[in-house]
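One chain, chain A, appears in both complexes that follow, with chain B as partner in the first and chain C in the second.
Presenting the complex of A and B:
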């Protein structure tokens, strides 16, 4: 087990180090998030009530769009310099590689989500400070499921034609429960309701996290062959 | 005569009996009129589709464990047939919805969740088509076939909670004997006929896919 966790940690560390040095994904995502705000503002106009009503959906739309761009790269980067072969040849259980990538995707998405929350607070003048603990719980639960499916599909589509199209086409239907749960729970949190009021949604999000992670761990060996 | 062919003729006989049941034996429903008869296509189609997706999940598990080519072709064939029947279900639902609800489409819970499931399995077919190496295609689609089955449950639950303003399922609900037996019988006869037809289609597709594989080998 410790060797398993160590391998997952090594994959995560490798990705964090290479991202810290190249800053490829995060740099682009920061500006993408900024651009999204303009798109939202253009499509909604100045009406404050309309913005308040749409805010939970907009937040998750932002997470999903930047998540699709960011997480789809989780395994694409391994195609360069024959890294993929290195992963295939790595000894031990392949699912540790998967969990390392899920952790990497999770870190990346949480960073982008934090950034988007900050941008929403500044540019749309919404006060998120008091809602932050509840919001963080909802985001964490939703993002684990997103990262679990995202990392798996990123590996699956890495060697497929039209992969940048296929990735969201596969991802979005499977993510419908996460999206609905996330939006509904966020809506309740922003309205000032306690988390207990949306306990059923939180349980659904947790169930989705567990199911997606389990399927990913069990099937990843088949994804990473050759 | 091959088993597939026998299934085909049985399906023809079953569909004939289903038509007789739906238009001859089952009476005209009082509130909805003849429009209600579309239920005899609509409901069996979705049952057969979900049955097919269950087989997809099982065959995908068998493929991942044993790497048997038969399991892969069975999963692929069942997905195609399942998508076909789910498509029939959605289209007949829309045709029924126009006179009943006054709109082809509403964002009703079951309509929405079934359509999400439809798109999920269309993704499966796309994934197969976009993978150049058939062996890799088999592995990847098996993973998706396994993941999709629990996702159906999650999608249905979440969409149901998201929209609870529709009528609850009028069939398959314990203790609700709101529908006379003759309606049930008509649905069951059609279900058997559709299941036979689906099995016939699957048999044909399995044989074709196996020949495609031989041709590529």
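Presenting the complex of A and C:
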């Protein structure tokens, strides 16, 4: 393993171990996911047509809202005990720390998304079995972009007093390509279309991932030091 | 020809907005030497350490560590300094062992478990190596922070109130560790409000007041009362 990959792995492992032990974020997100489902179920009722039309949007609404809650905390833990200073003073390429943080956010979001999918299938009686591989591909592409830009903005807003307000205000406009591509591709996959039919949306998601990760890697050093 | 000091500060000035914190500060610390920075709160001691650690950029002047400029060659400086500041840099949910291994790994080292345990043993924390930091007392956290330096093996130690929170045994261990560090050719810059502790470690004292070095003198045969008199004279005058 290269020194760069090892540092990213150390940050990822540290975040995963900390979260596994404290369960602070995960518990809040699971509760939040259940709350969302309750609200959706209450508002949509048993109308299958309305459900089919709304499901892709609802799914992504759930992912985005829980993602905002989860990813916004990615760098807050570094403020505790001034660990941020230690990250700044770590010699070498800081983008490895960023990629470790992105990977940590990705793990957390994918866990919550998996749970949300399962709950949606149960609550709304949707058969996801055959659509799962396509859905997983769409979610993975969308979530990478979300985690990439979310981790960067989490670092940017970690020292801001009104970060809870500022984080979504900064994040959501930038996430428009991910939301657009994610909802459209999910809609097609849930309607039973093959992935090839939504290749253009998948390309949009992949392009957004590459752009967000590149911007994050290039700017993280300045964000951390500022 | 004298060797270049490990720490060289000349004409250093640092202002935050319109507030001048360091004003024309000059200080050299040779290899094998320790300098204790004394001064009242707000004198600029911590800011000077932060400039040397590359956490704060100077407004003007020169700050060099092991020949590397703190503003322009931050990465080279960071490979050579070890900082213990007010924050402990500890992750509450990680164990003592995991915390040390994390920071060592992030600095590019690959210490084995035995090496990390030896660092913990040096600060008498080997018994709690597997316990989470959130259960630790203030003194244990301080010792664990200092254990980071045992693993990091820097050339220059920058210590901001290193004795705060340490009990007698912890203080004695730190005295011995710093003496050994100096003996191995390292340089130390520390801040302290404890004249006795500062004297036990330092070869020179520098009294900062109002952002200026009011006095820089060898400790020699001074005792704590001598330092107290000098402090009263210079720290309050400036």
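Quick note on the criterion: the second predicted complex is superposed on the first by the 224 of 226 C-alpha atoms of A that agree within 3 Å, B and C clash if a C-alpha of one lies under 4 Å from a C-alpha of the other, contacts with A are read in each partner's own complex, and residues count from 1 in each chain.
Methods note: a contact is a pair of C-beta atoms (placed from the backbone, for glycine too) under 8 Å apart; a residue touches a chain by one contact, two chains touch by 3 or more.
Here the structure is a predicted model, which is why all the values come from computation and not from measurement.
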First, second, both or neither for A:191, with chain B first and chain C second: neither
Contacts of A:152 with chain B and chain C, given as first, second, both or neither: first
Chain B versus chain C as contact partner of A:166, first or second or both or neither: first
Touched partner set for A:22, first chain B, second chain C, both or neither: second
Chain A residues touched by each partner, larger count belonging to chain B or chain C: B
Contacts of A:90 with chain B and chain C, given as first, second, both or neither: second
Chain B versus chain C as contact partner of A:200, first or second or both or neither: first
Common interface residues of chain A - those touching chain B in one complex and chain C in the other: none
Chain B residues within the chain A interface of the complex: 64, 116-117, 119-120, 123, 126-127, 130-133, 136, 139-140, 142-144, 146-148, 150-151, 154-155, 157-159, 161-162
Chain C - residues contacting chain A, complex: 53-55, 75, 78-79, 81, 83, 85-94, 98, 102-103, 105-108, 132
Residues on chain A engaged by chain B in the complex (per definition of touch): 149, 152, 156-157, 159-163, 166, 169-170, 172-174, 176-177, 180-181, 184, 200-201, 204, 207-208, 211-212, 215, 218-219, 222-223, 225-226
Sites on chain A touched by chain C in the complex: 3, 6-7, 10-11, 14, 17-18, 21-22, 77, 80-83, 85-92, 97
